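Each structure below is given as structure tokens.
Each of the next two complexes has chain A plus one more chain, namely chain B in the first and chain C in the second.
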Partner chain A sequence: MLEVRNLSIEFSTRRGTVKALDRIDLSIAPGEIVGLVGESGSGKSVLSYAISGLLDRSARIASGEIRWHGAVIEPVRERRSTHAAIAQIFQNPRASLNPIMTVRRQLGDVAGRDRVLSLLENVRIDPNRADHYPFELSGGQCQRVGIALALGCEPELLIADEPTTGLDVTTEAAIMALIGDLSQRRGMATLLVTHNLALAAANCDRIAVMHAGQLVECGPAEQLAYSPMHPYAEQLLASVPQHSESADDLRTVPGLLPDLAGPLLPCRFAPRCDRHQPDCDASPLSLIARSPQHFVACRHPLC
Partner chain B sequence: MFPLLRSVIKRVAFAVPTIFGVVLVSFALTRLLPGDPAVYFAGAAPTPEAIADIRKAMLLDRPLLEQFVSYVVNLLHGDLGKSLITGQPVVKDLAARMPATLELTGLSLLIALLVSIPLGVIGALRKGSLIDHAARFFSTTALSMPSFFTGLLLVFVFYYLLGLAPAPLGRIDPLGLPPPVKSGLIVIDGFLAGDYESVTDGLAHLVLPSIALALSGIGPLTRITRGAMLTVLSSDFIRAARSYDMPRWRLVYVYALRNAMLPVLTTAGFVFSFLISANVVVEKVFSWPGIGSYALQALVASDYAAVQGFVLSVALLYVLINILIDVLYGIVDVRVRLAE
Partner chain C sequence: MLKVSRLTKSFKGRGWRSHDVLAVDDVNFEIARGGSLGVVGESGSGKSTLARMISRLIDNTGGSIAFEGIDIGAVSPSSFVRRPERRRIQHVFQDTGENLTPHLTAGAAIADPIRRLVGLADERQIRLKVEALATSVALNPELLNRYPHQLSGGQKARVGIARALASAPDLLILDEPTAALDVSVQAAILKLLHGLRSEFRLAYLFISHDIEVVRLMCEDVIIMRLGRVVEQGPTRQILKAPQSDYGRELLEAVPRLNDRKHASRAMIAPS
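After this line comes the complex of A and B, so read on.
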């Protein structure tokens, strides 16, 4: 349904050209839940915005394409003349709602007035809340309204960009359950963008790990969470609190993300990698299939 | 409606100290001005007795504090004193001239808003384009020219050279008959009386002075609209609305513009206050019978009561405008209303 092929995206900034995405390959099938995981600055938001067509005009495709049901779609879709059934929910639920309009007005503008109440029911919000303003709702309720707005577009693909950041743990669980339930009932595919590998492992069919604009590993959630092949995925797992006995065991990924505006090595993780070998710096690296479902971009994987 | 009324009353109450301050300062300032009104009004060859009589009549021989107290007591009775130039009560003079000023200032603000908001929106939507730069050039130029100069320039071009505008001599043709006064605004009174000749003549006289005045307001209003639109257009909820495939007109004119109106409203309040001051000069250039030209005349003659009355009425206008802006704010953004 969605196919991202060899996609590289650059931004022109005052500091130079930022190579935000480097030859990304990713596909999503109907009904599938895919996790897109990486630390801040790994390019996961750029990729999700490219798919939903929300990138700034300063973005430029350096190579590759995004295909939706076989047709090429642009990463910058300002005028929105072509309707692709891709909807997005956002990181900051309250700021993503118009602050001076009621929930009813906003839902009505997107989905039509007659669907407002059924959409609210879908996301389990009391219909009495329809005439409230965003500032009168809790963060979790705002995110539910955000989901209702996205569902109002009848999406085949829902992009959830850090949908639970800033929400408490119980609200996070409720929102994730809601998304899982809705995608199952509607046969809707979901791309869950998160920095939390554990959250992705618990909710997704497949996980794609990104580092510094490169896709480093992509595979079934269970395989990836228990036996990661890429050193970065392994280190990311070790930094998830659930996997450590005590705070002392909790590891961070050493080093910093490379400057994406400067010169870059073929493997952008090389400077931070403890398995780095001289041959890592040679020729461009691409995803290598370790099994039909599991791909890794590493010359010296863990297994 | 009730909370709205309560908030208006609260704001009026808050304005009382401001108004008292204005009363105090305007009183002190007029006393500090050079020139002795008693001498001015005693005539060409006054006798010392005549001057002393006038001083006594104006309470100028009493201590300052006593003068002030008597001024405030009269003020509370709605008595602003008598103008020495016209011989009429100042309240009556001001009331007769206020509609002319409001007509001119109101229309200028309207013109300024009608020009600046589209210019600002286009500037924000096409940032860095030719239109954006042209709009900036236009608004900066308009701002940097004093309004008496643009006024004279407009008179020179449209009256003297082209003959399109009527002579800059007041609100209506001196030979014409003004419609019966109902609202005091000639255009509206003309409509009410079915006197369309007065309507067109009134409008023709209004055009040049209100454009001269409006030009000074276009600069700040365009800048603020453009800046506010840019901020709102890059905000999260606009990006979200884009992702819901909202039609572009709704995105720009309903979602973005309405949120961007809040800072524009605040600026419109400032601009209106500024226009009332700029009015004084423009009214002089166009012989406009408003309170500005009245004040200028009074100032030259050290006509205390008239100057104080002018300062006070301008201060009251500021306060009224601010209350109006606050109320509009509450209508645009419900959060302001509920925060009361």
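After this line comes the complex of A and C, so read on.
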């Protein structure tokens, strides 16, 4: 349904050209939930904006394309013409709602007035809140209204950019169950952008791991959570609190993300990698299939 | 060291539609010197209100906050700034990015409490102290000349912690110190906080919505819901066998790497 092929995106800034995405390949099928994980600055949001067609005009497509049901769609806002049924849940909940419209009007505009209350109920908001303005709601409530708005347009593809940050785990579980239910019943596909690996592992069919604008590993959630192949995926998993007995056991990914405006090595993780070999810097590397569904961009994977 | 009894905060309702909101309702706990208490609960459960009352950013409407036997709950927030206890209770905010003064460099932000609360005036001594604090929180001293917008999220978190440590406090109130950070940066900050606690013999009141973080950081925990404490006790014990319905629900809902919520769903092969 959605196919991202060899997509590279650059931004021109005063500091030079920022190579934000480097040859990304990713496809999503109807009904599938794909998790997109990585540190902040890894390009998760740029990729999700490209798919939603919300990229700024300063973005330049250096290579590749995005196809929606076979037809090419534009990642830049001004140039997107097709009305693809793609909805996005945004990171900053309060800023993505209209401050001078009540919840009821905003939801009614999108989904029809008769569906407002059932949509609110789905995201566990008291129906009495329908006539409130966004500033009268808590951050978590705004977030849930944003989710109700996105789901209200019955999208074929939902791009959920950190949809549950700031929500407590019980609400988070309810939202994820709702997304899971919609994908099962209506075949809605979901791209779940998150840095919560446990959330992705528990709810997604596949997980894609990004580092510094490159997709480094993509595979079935279970396989990736148990036996990651890319050293970065492995280190990221080791820094999840659940994996540790005490705070002393926590591991961190050494080093920092490289400057994407500067010269870059073929593998952008190389300077931070403890498995780095001379041949890593040799030539551009692409995703290598280790099994029909599991891909890794590494010359010396863990398994 | 800290004994909170029957602590209550109600907010006056504003406008014709609203009624009073009981944000914190009859909360009781104790923290010993060097001890740690985690507060877990959903957004809107009163966690931050509780923290803000104890650091005297807002006034309580009932109950007492005994800090070494003195009821600081009876001191109004505006006069608390001149109290000796002010130096000893420090607050680390959720999003350090928004809580550092934008026109002060990292170094100046850390020096500020040294001047105001410790009363040090000698510039050379202040500079040495700032550098020592930066080293304690593993912040490269070269970054001290930078402004908040020139620092990463993890670096800003370190500045916030160094600033809180500057007045040599006994109690740190940490309000979601890692909520805005990545997992790997979060891991680094948690390790740092864990080490600092024994190094400086600090007591922690650690607010978090992530029970896994609290498990690593705190011996005791309270679970709050709608302003009330629904469960209270040693963290290990509560995690193993929660007694309340909400506690069970909360633990059940934590996503786990090895627990597939949709394992039964048919895998659809990507095209």
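Throughout what follows, the second predicted complex is superposed on the first by the 282 of 303 C-alpha atoms of A that agree within 3 Å, B and C clash if a C-alpha of one lies under 4 Å from a C-alpha of the other, contacts with A are read in each partner's own complex, and residues count from 1 in each chain.
The rule we apply is simple: a residue touches a chain if its C-beta (ideal position, glycine included) is under 8 Å from a C-beta of that chain, and two chains touch if they have at least 3 such contacts.
These figures come from a predicted structure and were not determined experimentally.
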Side-by-side fit of chain B and chain C on chain A, or clash: fit
Partner chain in contact with A:133 - chain B first, chain C second, else both or neither: first
Partner chain(s) touched by A:197 [first = chain B, second = chain C, both, neither]: second
Partner touching more residues of chain A, whether chain B or chain C: C
Partner chain in contact with A:98 - chain B first, chain C second, else both or neither: first
Angle at the Cα centre of chain A, taken between the Cα centres of chain B and chain C once the superposition is applied, in steps of 10 degrees: 70
Which of chain B and chain C A:90 touches, first, second, both or neither: first
First, second, both or neither for A:163, with chain B first and chain C second: neither
Partner chain in contact with A:40 - chain B first, chain C second, else both or neither: second
First (chain B), second (chain C), both or neither touched by A:235: second
Chain B versus chain C as contact partner of A:258, first or second or both or neither: neither
Shortest CA-CA distance in Å separating chain B from chain C in the superposed model: 6
Residues of chain A at both interfaces, chain B in one complex, chain C in the other: none
Touch list for chain A against partner chain B, complex: 52-54, 78-80, 83, 87-88, 90, 92, 95-101, 109-110, 133, 135, 146, 149-150, 152-153
Of chain B, residues touching chain A in the complex: 235-237, 239-248, 250, 254-255, 258-259, 332-335
Footprint of chain C on chain A - complex, ascending: 1, 3, 27-33, 39-40, 138-141, 165-173, 176-177, 180, 184, 195-199, 201-203, 205-206, 220-222, 225-226, 235-237, 239-244, 246-248, 250-253, 256, 293
Residue ranges of chain C in contact with chain A within the complex: 41-45, 152-153, 179, 182-188, 190-191, 193-194, 209-213, 215-217, 249-250, 252-263, 265, 267-271
